[in-house]
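In the two complexes below, chain A is the common chain; its partner is chain B in one and chain C in the other.
Right, the complex of A and B next:
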């Protein structure tokens, strides 16, 4: 066996896996805290990528300034997402919120198609040197992607476990009424949750452009993949989503290399189905 | 809904439905829209059996719809089987797969978890349809699906197919109204109201839910077959999220828990998205806005809202004539809506 190929694919899988991780973490956070399936999460990522294209090519900002601006803007937009498409619908059946986020995703996707057209757009990367580590070709942009992903996820983890806000957030997710009774401002927690999730989604968007082009159509397939990850992990389990996202990204690349390129896309779903058959609540799901 | 009020509203509606293609929807394109309304209505009714009656949610419903379409199309194209047999085979096949998936999913998951699990199965089905080229024809799907024929005469025109589909919709509505009142239907609703209580009085919740789920899958498979033999093609999109969203809109905009809701929802969805066509590329952007507003102002759906408004008007007028208490049905509807 040629170990260089194995390591090359491990690296490629790490790139994809990092995106899955950061995407699924946000999706899972919203579900875990608010019990809301955010069907617009993929479009938030897409918007992050497209806005980055506009601020870099239109306003002439550099990659890092532009990315920081976009992530901050999108995080603030998360507040609006909560107030306009989630909060007004929470009193009704859980399905109504799914429908309102579907409506949001309709608006974002089709609005973006109007603004940017369906052609993929390239974004200038800050640096893109190819480095040979051992027998493996690694890009500096890819290293940036992996580094930022894991810093962000680690930050999310520390926030949830070590800050007062994180404690409030977890308490709200465990028992909404109980959290209110002990005086937690759950409205503020919901706002923050969507701000964080929207920021994470946009971060995924600005990182994706390091390895592929930005296009208004990138949201939907990513949403499907994100769901596959959270299904395998168990809905609402953020740490599980991170582990599973990474695992699936890496094994998917190995599967594509050594078993079948053609069915590579199907791999995720086959794993998902096996998990569903054995543990419908997911690997780390409660019950 | 009581039988009498059902007939008072149903009969004129049927007359209007019969006249529509002769009066307002006179060209083939518009008549095609009517066919689409009927097909979506059947699909919406089946999804509402899961949402309204079971109080559950299947995000893989479009996969069964597409599956039914593929089964019937495949039988007609490869084996030369008559579409009539396809109309039976599609619901049977979709029902059997629904039984299997329902058995796997409903044993352990409910509510939003079930939604996600069924989404997983739906996505897998979509991937298979896309990738299993020798059988499914890959991304371009299967073309030239034959239309059904009666006594050697092909039901090919939009007008004929509309009446044909309308008759089948009536059959579906009739079957559903009987089913909802049957012992089985009441057992399903009792699980919806309180699963623990239903179990404690000896209703085997999982068994009833799996059968009800399979029934809904079989019904949507039938709707898919209706689609395949009218539009005469099938492709992997039919199993995808796009149609899932459409059915979701049909049911939630129309209103869950009644037979009128999904039919009205199908009508509203098809007409509104057609009217918005003039907006060209802004069409779906505005559609999203409209959808959000409808959900905001009528969270229980158009039909229940309409019914509540009409009842209130009638009650106000009739209050001095006879002080009739709201009937049991009305109360049940309200509790379910809330």
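Right, the complex of A and C next:
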């Protein structure tokens, strides 16, 4: 066996897996706290990538300044996502909220196709040197991607477990009525949750352009993959989503290399179906 | 302390409370008894701001609270121990208590409160690191009360604290409720267990199908034919 190929695929898997991790963490956070399936999460990531293209190529901002600006803007937009597409429908069936976020995702996707067209757009990266580590080719941009993903997810974890805001957020997710009756402003918690989740989605978007082009069509496949990760991990389990996202990213790359490139996409869903059959609550989910 | 005046509350088109008026003086322990479905829980949820009244007013220490949101009402000193306990099951006992005192900024004040509250519930202090979801029913009820006390309320709303608990645990809880009241806490106790409620409270209201049908000193309520027949089986 050629170990260089194995390690090269491990690295490629790590790049994909990191994106899955940060993407699924936001998706899982919203579900865990609000019991809302945010079908627009993928388009928020797409918008992050496309806005970065516009602010770098149009306004001439550098990658880092542009990325910071886009993530902050998108986080603030998370407040509107809550107030316009989620909160007004919360008293109704869960299906209504799903449909309203589907509507948002269609508007964002089609609006983006109008604004940017369907051609993929390259974004100038700050640096993209290729480094040979052993027999494996890695890029500096890829290292940045992995580093930022895990820093962001670790930050989210520490926020949820060690800050008062994070604990209030978890409490609200575990028992909404209980949280309201001890005086937690659950409206503010929901606002914050979508602000953080939208910021994470946009962060995924500005990181994706480090390894591939920005395109209005990148959101949909990512959403499906994100759901595969969240379902395998157990809905709402953020820490589980991290482990599963990484595992699926790496094994998917190995599967593509050694078993079949054609069925590589199918691999994730086969894993998802098997897990659903054997353990419907997900690997780390509680019933 | 609390004035509830001609409260009308509906769930959608179904009216649940009809012209309910109840008042509590400062430091009183008052009970509302009634069968399942009499509207007792609805009454407490309306006081807490979770439900909105159609008409009528709720006044806390002279201030209208019926148009406030739940977290604002808690901020004014109303603690609510709900019927289903509504704990945070995956959090530890300590984290649940910490959440009860989430408004407290100073570490010193938090520690004092924690010590005072755990003083009432020695069983909980042995289990601070345990997840709330793994506690027994009685311990969960104690934690629900302790969590509400961590906000240092002036008025405590207790919704059926005896539900589903063994008699010996109910006795312990009754002692604690009396202690809290003696320490100056105003308590509105809602109960299906009329014996317990009438033993603890000085004044009582009897509710039936959303209407207050009887009220007064517990002695006279105990004497009334209605209560003897319907709740005490005498």
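The rule is simple: the second predicted complex is superposed on the first by the 287 of 287 C-alpha atoms of A that agree within 3 Å, B and C clash if a C-alpha of one lies under 4 Å from a C-alpha of the other, contacts with A are read in each partner's own complex, and residues count from 1 in each chain.
Keep this in mind: contacts are C-beta pairs under 8 Å (C-beta built on N, C-alpha and C of every residue); 3 or more make two chains touch, one makes a residue touch a chain.
The structure displayed is predicted, hence computed values, not measured ones.
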*When the two structures are overlaid on chain A, which partner does A:254 contact: first (chain B), second (chain C), both, or neither?*
neither
*Which partner does A:167 reach: the first (chain B), the second (chain C), both, or neither?*
second
_Contact breadth on chain A, by residue count: chain C or chain B_ = B
*Name the contact category of A:182: first (chain B only), second (chain C only), both, or neither.*
second
*asked:* Applying the document's definition of touch, where does A:143 land relative to chain B and chain C: first, second, both, or neither?
replied: neither
*Thinking of the overlay built on chain A, is A:61 touched by chain B (first), by chain C (second), by both, or by neither?*
neither
*Once the shared chain is lined up, is A:159 touching chain B (first), chain C (second), both, or neither of them?*
neither
*asked:* Contact-wise, after the overlay, does A:100 reach chain B, chain C, both or neither (first, second, both, neither)?
replied: first
*Which chain A residues are contacted by chain C in one complex and by chain B in the other?*
none
*Under the touch definition given earlier, write down the residues of chain A that touch chain B in their complex.*
31, 35, 37, 84-85, 88-89, 91-96, 98-100, 102-107, 109-111, 113-114, 220, 224, 227-228, 230-231, 235, 262-263, 265-266, 269-270, 272-273, 276-277, 280-281, 285, 287
*asked:* Give the list of chain C residues in touch with chain A in this complex.
replied: 48, 50, 69-71, 73-75, 80, 82, 84-91, 95, 98-100, 102-103, 147-148, 150-151
*Once bound in the complex, which stretches of chain B touch chain A?*
51, 57, 104-105, 107-109, 111-113, 115-117, 119-121, 123-124, 127-128, 131, 241, 245, 248-249, 252, 256, 281-285, 287-289, 291-292, 295-296, 299-300
*Provide the residue numbers of chain A that touch chain C in the complex, in ascending order.*
164, 167-168, 170-171, 174-175, 177-187, 286
